[in-house]
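Reviewing the structure listed below.
Here the chain labels run A, B, C, D, E and F in written order, and each chain numbers its own residues starting at 1.
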Amino acid sequence: MPIVQIDLLEGRTTEQKRVLAEKVTQAIEESIGATPESISIIIRDMAKENYAKAGKLACDK
Amino acid sequence: MPIVQIDLLEGRTTEQKRVLAEKVTQAIEESIGATPESISIIIRDMAKENYAKAGKLACDK
Amino acid sequence: MPIVQIDLLEGRTTEQKRVLAEKVTQAIEESIGATPESISIIIRDMAKENYAKAGKLACDK
Amino acid sequence: MPIVQIDLLEGRTTEQKRVLAEKVTQAIEESIGATPESISIIIRDMAKENYAKAGKLACDK
Amino acid sequence: MPIVQIDLLEGRTTEQKRVLAEKVTQAIEESIGATPESISIIIRDMAKENYAKAGKLACDK
Amino acid sequence: MPIVQIDLLEGRTTEQKRVLAEKVTQAIEESIGATPESISIIIRDMAKENYAKAGKLACDK
């Protein structure tokens, strides 16, 4: 039943997301013993104007 | 004050979302006695490359 | 694959949550045609000091 | 370590988001004493068909 | 309609949260012109074993 | 800047969360090339009455 939400700056390829989904699923399986079938992952692409650190948008850095 | 977030695979029509919003609001009203005015719903459309189950992206199934 | 997150002020009984889960699942099934098995719901209980509207905590109203 | 997620109806300019990020970061810094560097903000733009209040989509109002 | 979710390490007082809610609401009002009544804030307290940076739990630092 | 939120059924030990944080951080690093320092993870423990699949609370299964 683990549900994972991952917010990333946009620009990742489908292949990168494919590997991300595989590896994160495996990481959860190995660490807490959840079955892969029970693990859902949502990836969210953030535009650079939609993420800020220390009060500054990523598009301004 | 209930705040609802619903992640769906992309491809739903506005009409489907309209019915979704109505019915989910009613479901919450009936089950916990919240007033409709107090219920907010956020719908998020997931691209098929942004959702994975069992380590596999939805676009690869 | 719909994933639902519902934030509620604390104080709901397990029976209310039971009905909530049933009815929201049914609402999604009927509106967008998802199978019940594909629908996950996370309920989050908010303490009254953890929710604010119009700049005022719920515990202060 | 504060992590902030802000869902807004779409249509805000980058300049509005820039000011939003600055001011929200400052508000958190002043109220709980977190350093700006530790504060992350995610902004999410909601299409009007993806937000509902009282069971009605924002695009129908 | 802005909906704000703020994850904080546990340990903040109700008074700190009160000020946080006031100031964040004002920051959003001033930056994007939303009315205070339309702004909802959810605060989530994270236990130190439930937050990690650089792969390390906050309780281990 | 990846921000990860993981919802789990309650009952995991701190040691399991420690390994989870390490392995998920490493999985993200390897798949998309983010630095560990840029990766934040929030773990949320769900009570069994706060998670439902197929309309049924986990505490009823």
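In this text, a residue touches a chain if its C-beta (ideal position, glycine included) is under 8 Å from a C-beta of that chain, and two chains touch if they have at least 3 such contacts.
For clarity, every value in this text was computed on a predicted model and none was experimentally measured.
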{"item": "Same vs different contact residues, chain B with chain D, by half of numbers used", "value": "different"}
{"item": "Whole-Å separation of chain centres (CA-atom averages), chain C against chain F", "value": "20"}
{"item": "For chain D paired with chain F, centre-to-centre distance based on mean C-alpha positions, whole Å", "value": "24"}
{"item": "Multi-chain contact residues (two or more partners), chain B", "value": "1, 3, 7, 22, 26, 40, 42, 44, 46, 51, 53"}
{"item": "Category of the chain touch graph - line, ring, star, complete, other", "value": "other"}
{"item": "Chain-chain contacts as defined at top", "value": "A-B, A-C, A-D, A-F, B-C, B-D, B-E, C-E, C-F, D-E, D-F, E-F"}
{"item": "For the chain B and chain D complex, residues of the former touching the latter", "value": "14, 17-18, 21-22, 25-26, 36-37, 39-45"}
{"item": "List of chain E residues in touch with chain F within their complex", "value": "7, 44, 46, 49-57, 59-60"}
{"item": "Chain E partner contacts - residues on chain D that touch it in the complex", "value": "1-9, 12, 16, 19-20, 22-24, 26-28, 30-32, 46, 51, 53, 58"}
{"item": "Residues of chain B that touch chain E when the two form their complex", "value": "1, 3, 40, 42"}
